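For reference, chains read A, B, C and D in written order, and residue numbers begin at 1 within each chain.
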Amino acid sequence: MSEGIGVSSSATGAGDAPEIGVGMLGYAFMGKAHANGYKKVSYMAWPPPLQPRLVSIAGRDEAAVAEAARRYGFERYATDWRDVVADPDVQLLDNSGPNNLHFEPTLAAAEAGKHVFCEKPLGRTADESYDLWQRVAATGVQHMTAFNYRFVPAVRLARQMIEAGELGEILHFRGRYLQEWGTTDADVWRFHAADAGTGAIGDLGAHVIDLARYLVGEITSISASVRTFIPGREVDDAFEAVAEFDGQAVGTIEATRFAAGRKNGFCWEINGTGGSLAFDLERLNELQHSEGTKGFRTINVTEPDHPFAQWWWPAGHIIGYEHTFVHEIQHLLAAIAGEHGVAPHGATFEDGYRAAEVCDAIVRSAASGRREAVSYRS
Amino acid sequence: MSEGIGVSSSATGAGDAPEIGVGMLGYAFMGKAHANGYKKVSYMAWPPPLQPRLVSIAGRDEAAVAEAARRYGFERYATDWRDVVADPDVQLLDNSGPNNLHFEPTLAAAEAGKHVFCEKPLGRTADESYDLWQRVAATGVQHMTAFNYRFVPAVRLARQMIEAGELGEILHFRGRYLQEWGTTDADVWRFHAADAGTGAIGDLGAHVIDLARYLVGEITSISASVRTFIPGREVDDAFEAVAEFDGQAVGTIEATRFAAGRKNGFCWEINGTGGSLAFDLERLNELQHSEGTKGFRTINVTEPDHPFAQWWWPAGHIIGYEHTFVHEIQHLLAAIAGEHGVAPHGATFEDGYRAAEVCDAIVRSAASGRREAVSYRS
Amino acid sequence: MSEGIGVSSSATGAGDAPEIGVGMLGYAFMGKAHANGYKKVSYMAWPPPLQPRLVSIAGRDEAAVAEAARRYGFERYATDWRDVVADPDVQLLDNSGPNNLHFEPTLAAAEAGKHVFCEKPLGRTADESYDLWQRVAATGVQHMTAFNYRFVPAVRLARQMIEAGELGEILHFRGRYLQEWGTTDADVWRFHAADAGTGAIGDLGAHVIDLARYLVGEITSISASVRTFIPGREVDDAFEAVAEFDGQAVGTIEATRFAAGRKNGFCWEINGTGGSLAFDLERLNELQHSEGTKGFRTINVTEPDHPFAQWWWPAGHIIGYEHTFVHEIQHLLAAIAGEHGVAPHGATFEDGYRAAEVCDAIVRSAASGRREAVSYRS
Amino acid sequence: MSEGIGVSSSATGAGDAPEIGVGMLGYAFMGKAHANGYKKVSYMAWPPPLQPRLVSIAGRDEAAVAEAARRYGFERYATDWRDVVADPDVQLLDNSGPNNLHFEPTLAAAEAGKHVFCEKPLGRTADESYDLWQRVAATGVQHMTAFNYRFVPAVRLARQMIEAGELGEILHFRGRYLQEWGTTDADVWRFHAADAGTGAIGDLGAHVIDLARYLVGEITSISASVRTFIPGREVDDAFEAVAEFDGQAVGTIEATRFAAGRKNGFCWEINGTGGSLAFDLERLNELQHSEGTKGFRTINVTEPDHPFAQWWWPAGHIIGYEHTFVHEIQHLLAAIAGEHGVAPHGATFEDGYRAAEVCDAIVRSAASGRREAVSYRS
């Protein structure tokens, strides 16, 4: 070989990081987003803490899961998730399946000594979530709930600003997650109580609750109304809630699948004695900040010193929805590699459980007509 | 006089309309806004249904009220409102005074046969408001509560679109009124329970409630939390509420004086089966409309066929906050002149009372921790 | 009279200010805006420097001008402007007529010793404007060109920030005035060369040029293209120009009547070494400011320490297009009263002339295909 | 192997598509963006027309290029681009190098029968670009200039709407590319005339020119001013230009590296007789559309029937800057696979040359002070 020409020390883009074998459950929307995350993390979040090796993917439709394996580069596939969990090459189970498949496969994987990464909501109820958390925690593996919006750069920046005291004492949180596709007559698992648990509550509301907890603190009570607009639909289409927080902060948490014109409108605003922040997921590269009462400044959260920006592009070159998964998976791999804990920036299964307690309180308050205290088991 | 020169048939800008003598109580923020409204209505909302004659203005500080009379062109002033009410030249009492001065002067004027126009909130409680409504209604005079935001062109346009069915069935109302001046240590009447009744609830929340009723319909229940952030302050600083409406619509109603960066952020959004509308008072010339799920279009509500536009400027030449009072006063004068009723576009005292019932329910729910049904006396 | 009741010392709202008799030419869009300005200035910009007395108004259609006189409260009217100019009670001529009626009446008024306030563009050409300026200046009266956008609070604030050095050295000005009504087939004077001089150039471009001069400095050269989109129309529909400024700043100046969707889109942006400002007339209460490269903050220019705010409403209660005329007329009256000069914040006839030189350069460059130097006569 | 478990037919994510060996020149900003594009195209734009095999990457710094090869998964690297061009496994040369390295390697690759994909600007002058185009075209390989913004979904949608006649006849194009990093004192190749050719003109202006051509049509003349704000800098920092188009459209083209607060502000607006479109690269998922004069609607260009959306996420889940390269590379691979031509949606080298003619006209007009006709060699 002549001088100045070299064989790359890795044809896989892996660098020197040790491999970690990934098994995945699910290949639909979430499976695609996670698969893309594993593939990008190895060369964009460079150098990766561990090199993901896509070992096996499970799905019930053999033709579809075989196609998914080919597409994303999994070495093998299985129509029974137990084969993935049992696979000796798998050290991490990524559970991107529907809600009714969160508990059993995740627990089985953890009890087989595999790290677990599970889509939200963690369980269909607080009880199921608590049980899963407790039993997984007992195994000693790393566990993370996929609240990926914690990994939006603007959200992490908000957390940093709040921790630095830039907002003073927080008085209000106003969070709403507005979508519009609830009018569909497609018969998807998200509309079935046995599969999904709840509707907008667990699907959208859980995200709002998790960011409320991540940015403001624990929710102590909920007063809520819930609606199912489509006759016969088993799950809720929308809810509206007043939330009280530890301390004196108070606010609203809302979600609906019936907000025509709002595609993915996860918006929140936080008001503190020292200023305010506001965010809209449809413009996820922007954070609105009012320093005191000076009025809102649009921070384009893409500058070199902004969270996660070192992996991406120069200032003003925006990133998208999928990048949250790259950040999240990098975080999980780094936690598995021992660089830091899953907490506080990643949502542990305890965080998954706590969000479920609030979801339960929404259901409970809607039924009782009372302000329901939220208490958390430890 | 040579051909082509003429003496104007009116040096006052009055046109041929009969005069109506106006007496006013209060010369501060609201008094100024109303006085400006009477003066502009006579030449901008041309031809005016009646020509306002500014007869007398009342205020406790003689030097200040004399100055106000000179400034706005009232013929006389009084330090006792009874002198204004008793003035034989006064046919309309405009009550722009603080909340504790709504009941007695307004009732006295009505019982003296004068039409009455009273600032919001109508009373400090639902009881006081109901009593005022009932007793005033019994006199047969015209009565209007100053919910001036019904007279924002974009709000009227929203009402027209909703009435025309463009939103289909309404499912959600999301209203919040955000201000930031609550941190002040000024000792104003708005912070005293005896004068103001409530704080953000009656001052800001009443506006949200009134537009919720005007655009969506009656509120049937409230679940709320209320906060006073400043120790020792007698009135609330903020509240958060879930509201249920007649039918299946559900939403949130919020107001605070502690939203740093929000000067006058009265924002609402309505989602229906046929589309959505959204509005922000800080951009009051704009109405956001999503036809179905097509996404939001900014309607600059200044075009010739838009509400109230015929009195103002060509398309794109925006109007401001004060113009709502011109529209409102024109509406009241037309009602007095018999052109139409105060209802449905103007808020009658019954509307003022009904908003007070919802305000009371907010207070009640915050205390009881229950979803409080709102029932309306007739 | 009992204690606490008083006769107002003025039933007109005039206060103690001396009167100034106003004669007006024109009662259409501009006449209405100016008339409203005189009426509001006396009680809103309190105390007014002089009390406008609306003496006489001229227009060719007797029925219409008689109606305008009644509407706005002029004491008399005339179908020949010479009668207004000759009226001994008139001390100020407000020329709100079409462009072809700017020169002769304004000059006649000045030569009769009356102060003059003339709509823009001052003349139909630089020559006509120069002649008018020189001859009026020789009479010693006060003269102002109605570039009312200098009196938008956000524009005045921009000027203050630039003067205070907050933008550092200015490098770019990017100004465009976009309207959409050029498709009309109405036969208005604005489309006739003899009446209007130019089309979009003098009507819209003159405003852009004036603010460029007010905020950045003198324009030294122009490279332009001009278009008339409607066959047979006598005046231009649009132009696009590159402007070079004294110093190293460079930018664009554009105007069109063919920008569908833009009602009154007068937008400008200024970039300096220390930061940037941006403005949109359709949101005239907002000024966008980037302090250095920190990103744009929306200043809601309605706070107590903002320009002109002392005359209006609390923070966040926006004003509209018409208010610019109130500010402008107050400024003129104060200048006449000797409180300050018309310059630098008001546009003198010299400013009107200088804008016309740039308009001429646009026409010249479009024809010659060259970058045309702009030189100013003194 | 038990039923329901399978070995994936491809561990690489390649599917059944034939491989194409890619050689790359450059590993900085553009190299990273292109490398990411090749990696993602094979599983996101599924099924890919060809499966990219990352064969070799060239760069002068051996340690850095070896690291880049490891990071992105190239099989080998070289410090001399000739080794990449000569590599028998390379069928496509991706030239992401600086402008002075566009001509020679690209030509050598084409003459060696490799397809070529070259960053913009194609050459440092129109002459260099023309020569490259002519000589490459003569070889018969596929050639594409990396004007990636043609592959923003909103831009493609704009093109579709214009082709469908939704804008009627186009009258105006207003394009500006605003960045702020020109104040840096870093000594990068972009500031050296021999390396870069021009500054803002070729770097930013070329993008504006290309979209003007893609969306509106050919530019026939330019009137421009150019500025270098930093003394001693060899290339331009900013330019302002008036552009005339084939037909009657006219507009402005601007770019600067000195717009404080604008990170990556590539904004354009198009006005036609039937409506308008507007776009801002910092919100690249949004397209503003005014149907006629109805006012601007925000289209969130992420819905299933929008361009490129089939490869990504549900409506409202936004994509970022890097995705333009995935779309662009998919397009190139499909062209190489014979599915369609590079034109009209991809920019051929002829498009690269034509943009360079306009860049040259900007330079020429700035120097001559004349409106310079743009003529294109065929």
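Here, contacts are C-beta pairs under 8 Å (C-beta built on N, C-alpha and C of every residue); 3 or more make two chains touch, one makes a residue touch a chain.
Nothing here was measured: the structure is a model prediction, and the numbers come from that model.
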Mutual neighbours - chains that touch chain B and chain C alike: A, D
Pair of chains joined by more contacts [C-beta pairs], A-B or B-D: A-B
Whole-Å gap between the CA centroids of chain A and chain B: 44
Separation of chain A from chain D, taking each centre as the mean of its C-alpha atoms, in whole Å: 34
Whole-Å gap separating chain B and chain D, where each centre is the average of the chain's CA atoms: 55
Residue numbers of chain B (touch at least two other chains): 262-263, 294-296, 300
Residue ranges of chain C touching chain D (in the complex, touch as defined): 171-172, 174, 176, 178, 180, 183, 221, 223-225, 227, 229, 238, 240-244, 248, 250-252, 254, 256, 258-263, 269, 271-276, 290, 292-296, 365, 369-371
Touching residues (chain side chain C, partner chain B) in the complex: 2-15, 29, 33, 35-36, 39-40, 43-44, 46-47, 62, 66, 69-80, 83, 179, 181, 262-265, 281-285, 300, 302-303, 312-323
In the complex with chain C, residue positions of chain A that touch it: 294-300
